[in-house]
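Here is the structure we will look at.
Note that the chains are named A, B, C and D in the order they appear, and that numbering of residues resets to 1 at the start of each chain.
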Amino acid sequence: MDITPKKGWRTKLHDIIYEADTPGGKLFDLVLFIVIIASILFVMLESVNSIDEKYHNFLDISEWVITILFTIEYIARIITVKKPLNYVFSFYGIIDLLSTIPKYISLIFGGIHALAALRALRLLRVFRILKLARYLGASNNLVNALKASKAKISVFLFAVLIIAIILGTIMYLVEGEENGFSNIPKSVYWCIVTLTTVGFGDIAPQTPLGQFIASLVMILGYGIIAVPTGIVSAEYTAQSKPKKQDTHNNVSLNSQSCENCLAENHKDKADYCYNCGEKLHI
Amino acid sequence: MDITPKKGWRTKLHDIIYEADTPGGKLFDLVLFIVIIASILFVMLESVNSIDEKYHNFLDISEWVITILFTIEYIARIITVKKPLNYVFSFYGIIDLLSTIPKYISLIFGGIHALAALRALRLLRVFRILKLARYLGASNNLVNALKASKAKISVFLFAVLIIAIILGTIMYLVEGEENGFSNIPKSVYWCIVTLTTVGFGDIAPQTPLGQFIASLVMILGYGIIAVPTGIVSAEYTAQSKPKKQDTHNNVSLNSQSCENCLAENHKDKADYCYNCGEKLHI
Amino acid sequence: MDITPKKGWRTKLHDIIYEADTPGGKLFDLVLFIVIIASILFVMLESVNSIDEKYHNFLDISEWVITILFTIEYIARIITVKKPLNYVFSFYGIIDLLSTIPKYISLIFGGIHALAALRALRLLRVFRILKLARYLGASNNLVNALKASKAKISVFLFAVLIIAIILGTIMYLVEGEENGFSNIPKSVYWCIVTLTTVGFGDIAPQTPLGQFIASLVMILGYGIIAVPTGIVSAEYTAQSKPKKQDTHNNVSLNSQSCENCLAENHKDKADYCYNCGEKLHI
Amino acid sequence: MDITPKKGWRTKLHDIIYEADTPGGKLFDLVLFIVIIASILFVMLESVNSIDEKYHNFLDISEWVITILFTIEYIARIITVKKPLNYVFSFYGIIDLLSTIPKYISLIFGGIHALAALRALRLLRVFRILKLARYLGASNNLVNALKASKAKISVFLFAVLIIAIILGTIMYLVEGEENGFSNIPKSVYWCIVTLTTVGFGDIAPQTPLGQFIASLVMILGYGIIAVPTGIVSAEYTAQSKPKKQDTHNNVSLNSQSCENCLAENHKDKADYCYNCGEKLHI
């Protein structure tokens, strides 16, 4: 007796679109990945005047092809999920919508500039595809280490900001408008440029006193870069160690996504969604 | 019999102003935080000519409102503490005073420029409010690690300074005034800009020999940035480990502040100030 | 009875050219090292117009001498190896060929510019000679740590690239062509310049909003530099530790190279190639 | 019977000049430290034209006073050491001589420019005085960690240099003279400026291909900064650990210096020099 029921076309489509361990799912992800990268390249090339003049028609048609492909994908994602609204208002649901609509908007309002940003957001969809990367085990510790150090790094960045504001105000008073420090926000901007060791040089202190304070800012910035690095190093080392002991925690997760509630990270042996109890199709 | 005596209004006010674990204390800290941030924003906006011209009256009135709020707070802090002089001459006492007086000074002397720096110092008061942050346990290890590495980092920065002076003198001789290295202090400034990998580019070597020496300076700077980072990493790792063993040290501290001597970091169960023996009100 | 057969001239030459533990082999490596470094210096000097004008003949003759030396070496490498094709199509075989031919090409096609790049590739041959460095035990752990962190650093760099593209598009919209952000690729370039804290300053944001976003980019870049550093630190620490325990793994390798298949990293006591079974001459 | 013989004036003077644990020795070091710092400040100020014009006489007389003080010290160092030639040809002996002679040279040859560099070398003498710092235990681990990572960091810097030369040659071919990459040495200089994330911006790529390659160089530089940092972190952690176990190694050293051979780092309980057997005066 075959216990697993025969899958309908909707379930099959769901597996292809939302999962990555079947050949169909892998192919779908690969094609989607290529379309997204091509789309981003076209957004970039379109912004280059000389290229846009020559290949305007080609870029326009390509954008229409990509938009239609994304539209089909968006509709397919909606109809293969049991609770479509859950998908529509999820993070990736919104990203998918925003990735699809720019060309339709331009039909109505004309080719407004800001649509380029909307189209660049498509790149975020790559992260969903890179769900695959998680299986490489490459970034798990890294993500945990970053989560563990989030609070500390926030406190650190907040301190950096306070230092930048106070030193920026002082530099504004010392250098003044005639040397490019034309107001406090600009001085604070300069201070961040210097503290982070970026150093554009569009604004640079001219007075000896300003250069002296700038030297202190730079040495300070050079010293405090050690802090976030030290935090991440230590957390990452801490994350790497317990893993060897707690091997019983090392359950392997698969790339399935629940048809009902879109929950991910199911265990390999799971038959039912841990979140809503829906039957999972392996 | 109720052992804890009925609190007077002064004690209640003291709890609200100096502590952060009652609802009143939390609200007070939140309001103060918002006022400080608003105040800093106004200082910044005032320095932007175009904004100051349009909204001069609004910014002027806002500053008066903030000054009056700070004045009330300053007086309240004095009258709710048993030994007011301790507060007045404490670090935060002085900061509080300096935060309050700029507008009064401008009444007498007119709106002198340097008052902006005094007003920016208000930002330091945020650290007192962030006493709350300590409860997140976020920055304790970090602070300890930084304290432990202070001596080593000082020695390191001192060595960097000596390198900068010697190399700066050499660059002054190699490049000379015609290429922007117009005197030794300026050359040393350039050397610090380069060693810390900031690289403004306002002064840059033009002669082949100068560029060769600059390359050495840069590679040196690139190499020695590893030193403070390594120190903090190692110290931070060291700080993180013993904590797990010495759990008996992990007493939880509260945000109370002694009414008498302003000492902080009392243990949760403490009934009397560890510093002066004054009764604490929980 | 002498078991090791008398070595023929080919075997002797093979030992000198491919190995580094005989006096002859060391001398050969040293001479080759000097010739390569001299060759690179000449490539550099030739590109400086003022020097090329003065010493054109000397540089031309030097290049011919070096080319002939490399030709002799290349032929010697081919005839002393049992399977010459293996060598010719190996990585270093191709590099050796490319290092030798530029001057011959210039005879036919004239001194085309791109040959300089071909000649600079000679520098890669230094790594083969630095096979010696491996004996110092200096870089083994380092290489292992870098290999172990390759996947994680790739994921990290990929994330940096996505951030750069999205932020670059936003900066293109905010700043626009009039402030140097003339198209999206250029904005992405600026974003990478800023995220990596290089900060040339050839393009710098001019609008307050652009400077605000730039500040966020810089602080982000300052924060995420901690990630690769933390990864390498942790991996390197991990690589250093097990070594002390698994001393039985610490077999010493020598610099021999199999005459037949060019395999390297033979154990000191090995009599036969671990790869093809060919007898090794010690 | 008093075993320790009465000290002669020479021995007393030796203790004051070469050692730092008597009150006299500490005072001598402090005075010397102040004189050196003052001397460096005068070198700097003298190079500033506007200051030199006003205070030329004061600076000239100060330099004479400092020179005479250094001359006295130099002579005292020679006569209080048993083997003067050992001192004269030691590292600090040469530095002391070079610190003293600039003013005498200027008497003969006039105030030649290069003497400033000679005078800046005086700063190196501060390291001898900071022998004191060693007692703080601050830099010992640090120095050991740096020594342990020296070989690895050299290999790493060598690899960086090879990368810079190859990429510099490619950039020279891609960008060419018209964009500031006027010859290969200059391109290599640019490449080092970029790899080390300094980024002056005096030379910046203008062509799209050049900017693309530059982006790769920057990301590479951003990635490889992790390497030296990781090395020093790991070595420093390794240096910190064994110390706790091997407390029997923790002998305290004093600041004595042997009168005969100038050897330092004697154990606190040592009665005779570990190097030459000379009696030490405590």
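Everything below uses one rule, namely that contacts are C-beta pairs under 8 Å (C-beta built on N, C-alpha and C of every residue); 3 or more make two chains touch, one makes a residue touch a chain.
Keep in mind it's a predicted model, so treat the numbers as computed, not measured.
Novice: Looking only at C-beta pairs in contact, point me to the busier pair out of B-C and C-D.
Specialist: Contact tally favours C-D.
Novice: If you average the Cα atoms per chain, which one ends up farthest from subunit D?
Specialist: The chain farthest from subunit D, judged by C-alpha centres, is A.
Novice: Same interface as A-C shows up in which of A-D, A-B or B-C, over half of contact pairs matched?
Specialist: Of the listed options, the interface copy of A-C is A-B.
Novice: In steps of 5 degrees, what rotation angle do you get fitting subunit A onto subunit B on the CA atoms?
Specialist: Between subunit A and subunit B the superposing rotation measures out at 90 degrees.
Novice: For the two copies subunit D and subunit B, is the contact made of the same residues on each side, with over half of the numbers shared, or of different residues?
Specialist: Both copies, subunit B as well as subunit D, present different residues to each other, with under half of the numbers appearing on both sides.
Novice: I'd like the Å distance between the centres of subunit C and subunit D, where a centre is the mean of that chain's Cα atoms.
Specialist: 32
Novice: Between subunit B and subunit C, what is the gap in Å from one C-alpha centre to the other?
Specialist: Roughly 46 Å separates the two chain centres.
Novice: Quick one: which residues in subunit B touch 2 or more of the other chains?
Specialist: In subunit B, the residues touching two or more other chains are 185, 188, 197-201, 225, 229, 231, 233, 237.
Novice: Report the residues of subunit D in contact with subunit A in the complex, numbered from low to high.
Specialist: 197-201, 229, 233
Novice: Using the touch rule from the top, collect the residues of subunit A that touch subunit C in their complex.
Specialist: For this pair, the touching residues of subunit A are 40, 43-44, 47-49, 113-114, 116-117, 120-121, 123-124, 126-127, 130, 133, 136, 138-139, 141-142, 145-146, 153, 157, 160-161, 185-186, 188-189, 192-193, 195-202, 225, 228-229, 231-233, 235-237, 240.
Novice: In their complex, what parts of subunit D are in touch with subunit C?
Specialist: Answer in residue numbers: 151-152, 154-156, 158, 162, 165-166, 169-170, 172-173, 182-185, 188, 194, 197-201, 204, 208, 211-212, 214-215, 218-219, 221-223, 225-227, 229-231, 233-234, 237-238.
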